[in-house]
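The next part holds the structures, each set out as C-alpha cells.
The two complexes that follow have chain A in common; it is paired with chain B in the first and with chain C in the second.
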Partner chain A sequence: MDSVFFYRNPNPDASGNGPLGHLSIATQPNISIAGWPAEAGSHALAGYTALEDASVAARLRKKGANLCGATRMSEFGFGLKNSLAAQAVQKGDANAELVLDLAGECRLAALHEGLCGYKPSYGLVSRYGLIGLIPSMEACGIIARDCKTIRDILEAVAGPDEYDFSVPEDAPVSFSTQGIDPEKISLGVIEEARSALSDEDRVIFDARTQTLKKAGFTIKTLPFPDFSLFSLVHRIVGSVEASSCLGRYDSVRYGKRVPGAKNWNEMYLQSRGAAFGPLLKSYLFQGAYFQFEQFSGYEDACRIRARLLSEMEQLTTQADFLILPAVNSASIHAPNTTESLDDTYAKVFHTAFTNVTGQPAFYLPFEGNKGVQLAGPRLSDARLLALGEHIQNMQQRGQ
Partner chain B sequence: MRFTERVFCGQLTPDHLGKTVQLAGWVDAYRDHGGLLFIHLRDRSGIIQIVVSPDVAQEDVCLRAATLRAEYCVAVAGEVRKRVNGTENPNIDTGSIEVMVSDLKILSESEALPFAISDKAMVAGAASAGAEQVAEDLRLQYRYLDIRRPSMRDNLMARHRIFQCVREFLDSKGFVEVETPVLTMSTPEGARDYLVPSRVHPQNFYALPQSPQLFKQLLMIGGMERYFQLARCFRDEDLRPNRQPEFTQLDLEASFIDEEFLYELIEELTVRMFAVGGIALPRPFARMTHAEAMEKTGSDRPDLRFGLHFVDVTNVFSRTNYSIFRQILQRGGCIKGINIKGQSESLSKNVLQNEYAREIAPSFGAKGMTWMRAEGGKLESNIVQYFSDQELDELKQRFDVQDGDVLIMVADPSYAVVTSALGHLRLHLADRLGLIPENCFYPVWITDFPLFEATDAGGVTSSHHPFTAPDRVDFDPKNIEELLSLRSRAYDLVMNGEELGGGSIRINNRDVQRKIFAALGLTEEEMKEKFGFFLRAFDFGAPPHGGLALGMDRTVSMILQTPSIREVIAFPKNRSAGCPLTGAPSEVKREQLAELGLLNLGGEETLPGDSHRENIVDRLSWVSRIGISEAERPVMEKVLSQASELSALARQRAGDMTPIHSAVPVTNRLRPGTQENRSPLAQSGQLLKTAPSIKGDYFKVTAVLE
Partner chain C sequence: MEFEAVIGLEIHVELNCATKLFCDCPNRPGDEPNLNTCPTCLWFPGAMPRTSREAVQKASLLCLGLGAELQPVSAFDQKVYYYPDLPKGYQLSQAHLPLARGGGMDIIDEEGRPKSLRIHHIHMEEDVAKLVHEMEGRTPISLVDFNRAGSPLVEIVTEPDFRSPHDAMEFLKALRTQVRYVGSSECSMENGTMRVDANISVRPKGTNLMNTKVEVKNMNSVRHVGDAIAFEISRQSACAQSGEAIVLHTRLWDPDKKVTVAMRAKFEGPCVPDPSVPSIVLTPQAIEQMRAQLPEMPAARAQRLVTEHGLSGEEAVYLSTDPDVAGYFEALTGHGVLPRTAMHWLTTQLIPAVRERRQELAKTKVTPARFAALLQMLARDEINANAAREVLSHLFDSDETPESIVGAKGYKQVSDPGALDKLIDKVLAEQQAAVADLKSGQGKAMGFLIGQVMQASNSKANPKMIRDLMAKKLA
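Our next item is the complex of A and B:
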C-alpha cells in the first residue's frame, strides 16, 4: 500500500477557530463524512460514498477541528489486518485519529506505534454514522500522542445524541482536569491477566507496576478466575452480532453486485460471497452457526456476560483503577499475514474484556510499545484520563 | 319472515315497483341521515339500497336498524319504490330503485372486520375502496370474508360458468366424466410427488396424482372411448408466483382419433370458454413447430402478440474480423438478433450498453450482447468499427433496417444459450417498450416436439413422458443421434406466452412402447418394476388414443384477466405453499406418526436426498446467503468445528444468570418535536446514488425472486 491514507480531504476545513482549531484529525473510512468514500475496508461497500456526517465528525468540525482524511483499515475494523491505523499520527500527518475499538483495535494500533489509544465507556460517544460490526461492544476510540489531546477530543464528541439511543441522556460531557494524588489511588492487577503473559513480558509488566508503586500508587493483586471467559463471550456474541449486522450488505443498496445471477437468492449468495474477506467470512459463518444451529450457545454466552459484568463491578470496588498488560507480545507477528479467528482473538486477549463490559480503557505507552493498559469503572473516563495524564507527566519528568 | 318468498337483491328491477319484497343478505354499507337510514344490502346477486324511515317502519324496526353495522346478516321486507330524482347510483345495477323497509330482522351480528369488504360506493361518483391494498395473506386468512367481496364472488361464479361450459360441451361431444383415484401410485410425470403414508401398510406410501395419465389411458384400453375429468392434481414443486401445489386440470382422452380431431375439439372448447369472459378468439388457431418457435422466439411457449422475431445472421459473419464473433463461430456457435423497429429514441446508447449489454443480457445467461442503432442510413454502435462495410450492409438487408431501428444480437457457441437469452430479451424489451397490445389473445399450437432430450450422462430422456407416440417407429433404440432427431406426436396449446395445456397421441403398440423404454435405457426388469401393470394392459388390444390436459386455474385466470391464479381459486395456498386460513400444513401428534410407523423412519441412516441439507457448511452458506468457494470450504469446516467447541465450553460455564445483550440496559426514548417525514436523502435521490443498480426511483434487483 502506497499511502497510510485511503482518502485525503482535498479541502481541509480547518477554520483555526474553536477549541480544536489547532488539531488535524484523521478518521477511518467506517466513519461517515458526507462526500467521503466510506468503504469500511470491505468490498461489501465498494464505491460507497457517505451521504451525511457521523455525529462525531459533525461535532469535531463544529469545534474547529480539521478532518484531514481517512486511513486504511481492516475489514469493518475487525482485527488489524491491513490496518494502517495510528501511522498518520506517528508520522505527524495528523494530531489524532478516530479508530473504532471492537475488541481492542484502537489500543493495539496505538501500541504498535507507541502512542496513546483510548476506548471510551460504552454509551459515552455517539455511534450514529459509524459503520459498525458489533453494536453492543464497539466504541469510537481515539489515538493521539498525549492524553490531553484525547481529553480535548473526547470532550468535543461525548454526550447525548438523539440519534443514538445507546448514549444515555445523562452521559457526562465534562472532562476538565482533575488532580491525581497517587497516595490516595489504588491500582488493581488482575492476576489471571498477568499470569497469561510470557516470562519476558511479565518482567516488563512487573517493572511498570513497580515504577507506579514507587510513585506512590497502591498496587493490589486481584483474582479474577473467570478472566479468560471474556474472550469466549466476545467471540460468540461478537460473531452473532456481526452476522446480524452485516445482513444489510446485499448488493442492493450498496456495494458491488456479481453480475449474471438468475434470481434473488443467487444474487445474494454470489454478491455476499464475493463481498467479505476470509477472516470476516469465518466470523460470519461462526455467527450464523450460533444464530441458526446453536442458539443456546449464544444465550449461554449472554448468561456468562451477565456474570462477568457483575464480577467486574465487584472487582472495581476493590481498587480505583485496573492496570493490565495490553498484549501478549508473542501473539503479535507480521501484521499482514493471513489471520485466523484464533490469531485475532489471541491478540485481543487482554483488551476485549472492556468491550464486553463497556468500561473505558486505554493503552499508555512506556518506551513505545512496552506500555500498559489502564481501565476504570464505566463512565469514569474523566478520572481515568486524568490518571493517564498524571503518569505521562511523571514519565516526562523522568520519574 | 319466510325465506321461500325471498327475492335476490341484484335481481330487483323497476318491474318490482310498488311490490313488497322479502330480502336477505349482508349490510354492505350504511349511512345515517339523522334517523333516516340508507343501507346497501348485498347478497350473491348484487346490491340494493334499502331505506329505514320512521315514517314507514315501526319504532322497534328503527331501533333495530340503528344497531346495524357492516356485514350484519339481516332479513328485511319492504316496498320497492323509485329513487328520488338525482339520487340514483349508477355504480350499482339496481341504482334507480330502493326498498322502503317495513320489517327487519337481524339474523346474525358481525364483529369489526379485518379489512373492508364493500367495494361499491354508496354515493355516485365517490371513490370505492378496493381490497387490492389488503395484504394477500390477510385476505387468505379471512378468505370467507374475501369471497363476500364482489370481485372474488364474480371470479368464482365465472369459474363455475366456464366449468359448466366445459362439461356441457364435452358431454355434447360424447365425452364421459369419470373420476380417477387420488390415492395412487407415483406416475412418471417427473415432478416431486406428494406422499400419503399408509397406516395399513406401515412405511408404504400412496402418491397424490400429478395427473391421471395412466388411468385415463387405462380407461381407453377399458373401452370408454371418450373420457374427461376436471381433475385435482398435485405437484410438490418449488413455488413460482403462478403455481399452486394443487391445481385443477381438464384432463381428457379419446380413442380412434388423430391430432386433427383434438385440435378441432380443443379449439372449439377454448373459444367457448373464452366467450364466457366476453373474449372472441380467432379460429383456426395458429400452428408452429417447436423448432420454428425456438428459432423465431427462443421459447417453446412463444408470445406472438408482438413481433420481434429472431433473424439468424450467423453466415453474415462467416469471414468476420471481429474476434469475438470469429471465435464463437469457430466453436460451431451461432448469432441471432432482433430488429426493434423505430425504438432508437427509447433505447439510448446508455440504456443499450449499460443496462442491456452489461446487466440484463448476462442475467439471462448471455455472455454478451451486441447492439447497433440505425441513424442517417448507417449502423452505429461502440463496436461498429470492427465490422466490414459488407457485413454491415448485409445486416441492414437481413434485418430490413431503417433509420430509428435498433438491432440487438447475441452470439454464443451454444444454440440453446443464444435462443434462451434472446428469447428473454425479446420479452423484456416488449414489456419495457409497451409493444404488447392489450386485450389481445393469440392462441397457437406448438407441435413436433423432440421426442427425446439428451442427458448429461450421454443417454436420452423423454421430453414429455415415455407414452408419447414418435413420428416414426423404424428407429434404432441404440442410436442416440437418431433418437435425438425423432419428433413426437405431442402438442401444446400456448396463449400469450403461457402454456395452457398440452397432450399427445399415445403409443398403443406394445413393441413400440418396449422400444421406447429400451431407448431410455430401461432393462426388461426395470420396465416391469416401474410400469408392469400398465404395460400388461397393452397386451389386451389397446386402441389408438390420445388426449390433452388443460390447466384450468391458469385458463380461467387468463379469461378473467386476474393478476394471479389465486384470484380464481376459492381457497388457494399462499406463496409459501401454506394455507393461512387453516394453518395447513401443520405438525401432527407423535401418536399419529407412531400409528403410521413413521417415527423411526430411516433409522440411523441418512435419508435419501438429505445429504445436501445435512452439510452444515452448505446450510449456513444458504441461510446467511454467503456463497463460498470449494477452496474456502475446509476453512469454514474448521470454523464450525471450533464454534461447536466454543458452544460446549459456554454451556459448561453458563451459570444461571439471566442473559444480557448489552453492557448498558437499553431504554426507548422519543425524539420530541420530530415528525415522521420522508428522508431528504431519499427525496433528493441521493440514497440511490451509491446503489449498484437502480431504475427510476427504485433499487433494481434480479427479476426473479426464486
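Our next item is the complex of A and C:
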C-alpha cells in the first residue's frame, strides 16, 4: 500500500508560535509550496517544483501552522480516482488538510473518512498558487475532524489578496464565535435533491432532518425543479474551462516530453496525448467539442447557470441554510478503477451545485459517512460554520 | 468592369506602461532576452493575472482620444490558439466585452473632401512572446523571448469604411497623432509599437457586396501599409477580372519584392471568459474623471497657436501634429522667445539637427531653456545667426550654457562701430571693382561686400551694422 503522502516536508516548520501553532496541516500537490514537487497528480506536470508559496500556504505558515506534506491526489483534483485525500487526517498524521473542491471532491473525501469537509464561498479564499482546472468553480476546501479547526484555518486564509484580484477587496471576513439559537433558524430541504436518493438513503437523510427538528430547528421543504441542471451545467462549463486551462501544459518547460517528434506541432500533440489520463482526457475532449464545435451549447450553459444562480439566491431567502444529502451511496460504491465521466458526475450530483453558484457548503458527519451537507448563501461562511459547531456539540452531548 | 476596394484595419498599439498588463515585470521588450519575466508572464502553474491599473488608464485615455465610447463593463476572455509564442495556449483578450465602442478619425480624401472613417471597437489584450529563428550549426532552431509576453496592447478595429491606400495612410497618421497626444503610446510602426493588419476585398464599383476578404500583415511603416493595400487591390481585381475565386486567407507583405505572399494560418479557436481576471467596471464618474485628464487635442491646440501666437493655420497644424514639437515651441515662447523666431529656429535648425543625430526632441540635451537662452543672445545681437548655428551644434555635445560656449569659443558678435569701421575701410579699399558695380546700381554687389567684411571678422561681425555703416560710407 502506497503511503498517503506524495511528499513529506523534510523540514517541518517550527510549531508553537502563532494562533495555528498547534496544527499540522497537509496539502495536496496542486497547492504550490516553494520547493515542493507540485505535479497535481498528472504526468503533464511530472518533475515540476513550485517556485512560490500559494497565498493559502503562506498565510497558514504566517499563523504558525506546520505544513507537513502533500497527499496523493486525483489528476488535477478532478473526481476522487487515485485520491487519498482525508486519510492523513483520519490516521492522525495531520490535524487538517487542504483539498481543492471542484465539484464536491473535498466534501466527498471527508465523507469517505467520516470527517468534516468544507468548501468556502467562491472568492473568499485566494486561488493564487493553486494549480486549478475549473477556475470559475473551484475553491480551496478544508478537511478536519471538527468545525472549530476549519473555522480557525478559514479565518487565517480568507480575505483579499494582492496576488488574486478575483477576491473582492471588501470581502467581509469575521469569524468571531456566533451563538446559534435553533428556535430562530430554518433549514431548507431541496425536495428534488432529496427525492433523487435511493429509498435506503432517503430514510437515513429523513432521520437526520428529524433529529435537527427535535433539536429545535425549523425544517422547510423547498422546491427547486431544475436542481438536476446544476450538474449538467457544471459538466459543460467545467469541461470548457478545463480544456482552455490545460492548454498551457505543453511539455516544453516541465512535464513529460514524448521523444521523436519531427516538429513542435507534433511534439505538442504527442506529448499532450501522453500527458493526461483517460478520465481527464474524456473531460478535455468534451470541453474541446463545446469550444470548437458546439460553442452555442456552452453559451446556453452559461445562460442557464446565470438563471440557476438567481433562482438559488431566491431560494436562500426562504430559509437560513439548506440541508441536503451529500451523495447517493450507490454512486460511491461503483468500482474506482474504471471511473468514467458519467460515474464522476453521478458522485457529485448533490455537491456540484455549490460550485456552480459559488455558495459555501460542507459535509457534516453523522455516524461517519451517513452525514449531511449544509449550505448557506454566498459569504455566509462564518454563520454556516457556527451552525456546524453547534450541531457537532449537540452530537457530543448525545442529543 | 471597374472595381472598388473595401478595406478595414486592425491596429495593435503597444501602450507605453511601466509594467506588463498582468504582472509587475518591466514593460521593456527590447531588454536582454527573458530578463523581464516572472511566474505570471511565463504562465507557470498557479500564477494569476493581475490587471494593471496604469494599462486600463492609458487604454481608456486612448479610447477617449479616438472619440470612442468607454463601456461600463468590459472583460477578458481566453482566446485559444496553439503556437510556441503562446505557451499557455490562450491569449487574454477582450473578445466579447470590449473596453470601448465607436469613435473614428476625420481625414481629407484624395479629392480634397473631408471624410469620416469609423472605429468599430477598441479592446485590450496582452502581447505574446517573440520567436527568434536561428541556425545551430545546420539545424534550424527557434528561441522564445518572453520579454514581450504580457505587454499591454490595445487593438483598434475599424469599420470597412476605407476605399483606398490613401484613406488608410491618412487614418493611420491621424490616429498616431491623437494617440501620441494622449500619451498612451509612441505609435511607431518602425519600432513595432504600432502594428497594422489590413482586411481587403474588392467588388464591382457601385455595388454593396461584401466579398471574401484577405488579411495582409507584416507592414512596418505607414507607407508599406499603402503599398501593400495598393498591391492587394490590383491583385484581387485581376483575380476578379479573370473569374478566379478569392478565398479567405492571410498574406504577408514582402517590402523588398513589394508583393504580398500567402502564409499558413495559425489555428485559432473561440474565446472563453476568464473568471480569474475581474471585469473592468467604469462608472460614469470614473469616465468623466478620465475625460478631464485628456490633454488639449491637436485640433484645439492648433487653433490656440493661431490665436495666441499669431502663427498661420498651416504652421499651427504642422507644430500640433507632434505633441513634443508643439510642447517645445510653447516652452520656447514661455522663455520669452518671439513666436516667429521660435517657429523658424525650431523647424529649420533644431528639428533637422535632432533628427540628424538620431535623437528625440523630448530627450535631447538641447532643452528648451538652453535653446531659448541661445535665441535670446541672438535677439540681443550678442551673436549673429551663423554663430548661433555653430553654438547649437556645441549644445548637443556639452552641458555648458550657450553664454559660456559663446565666451569660450569667441563667438561674440563684433558690434563695436570703431572695429567694424576699420574692417569696412579695408574691404572697400581692396574691392574697388565691386564698389564700382554697386555705385552703377548693381544691388547684389552689396551682399558680396558684406560677405567680405564678415569673412574678415571671422564671421563674428554684426551683419546689420555692416550694412548700415557701409551704406553711410558709400552714400
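Observations
Just so we're on the same page, the second predicted complex is superposed on the first by the 394 of 399 C-alpha atoms of A that agree within 3 Å, B and C clash if a C-alpha of one lies under 4 Å from a C-alpha of the other, contacts with A are read in each partner's own complex, and residues count from 1 in each chain.
Simple rule for what comes next: contacts are C-beta pairs under 8 Å (C-beta built on N, C-alpha and C of every residue); 3 or more make two chains touch, one makes a residue touch a chain.
Small disclaimer: the values here were computed from a predicted structure and weren't measured.
Placing chain B and chain C on a common chain A by superposition gives a clash between them. When both complexes are overlaid on chain A, the residue A:K91 reaches neither chain B nor chain C.
Using the contact criterion defined above for the overlaid structures, shared-chain residue A:P278 touches chain B, although it does not reach chain C. In the superposition on chain A, contact is made by A:V252 with both chain B and chain C.
More residues of chain A lie in contact with B than with the other chain of the pair chain B and chain C. Contacts of A:K184 after superposition: neither chain B nor chain C is touched.
Looking at the shared chain after the overlay, A:F292 reaches both chain B and chain C. In the superposition on chain A, contact is made by A:S32 with chain C only, not with chain B.
In the superposition on chain A, A:Y48 makes contact with both chain B and chain C. By the document's definition of touching, of the two partners only chain C reaches A:R127; chain B does not. In the superposed model, A:K213 makes contact with neither chain B nor chain C.
Among the listed stretches 1-9, 145-153, 235-243 or 343-351 of chain C, only 343-351 clashes with chain B once the two complexes are superposed. Contacts of chain A with chain B, set against its contacts with chain C after fitting on chain A, overlap at residues 48, 51-52, 136, 162, 165-166, 247, 250, 252-253, 264-265, 268, 291-292, 302. Within the complex formed with chain C, the chain A residues making contact are 32, 38, 40, 45, 48, 50-52, 54, 127-131, 135-136, 162-166, 240-241, 244, 246-248, 250, 252-253, 264-265, 268, 291-292, 295, 298, 302. Interface residues of chain B facing chain A in the complex, by the touch rule stated above, are 358-359, 362-363, 365, 616-617, 619-629, 632, 635-636, 639-640, 642-644, 646-647, 649-651, 653-664, 666-669, 671, 681, 686-687, 689-693, 699, 701-702, 704-706. On the side of chain C, the complex with chain A involves touching residues 39, 42-51, 78, 80, 82, 84, 87-90, 142, 269-270, 272-278.
Of all residues in chain A, only 47-49, 51-52, 122-123, 136-137, 162, 165-166, 168-169, 226, 229, 232-233, 235-236, 243, 247, 250-257, 259-270, 272-274, 276, 278, 281-282, 284-294, 296-297, 299-307, 309-310, 341-342, 356-358, 378 touch chain B in the complex they form.
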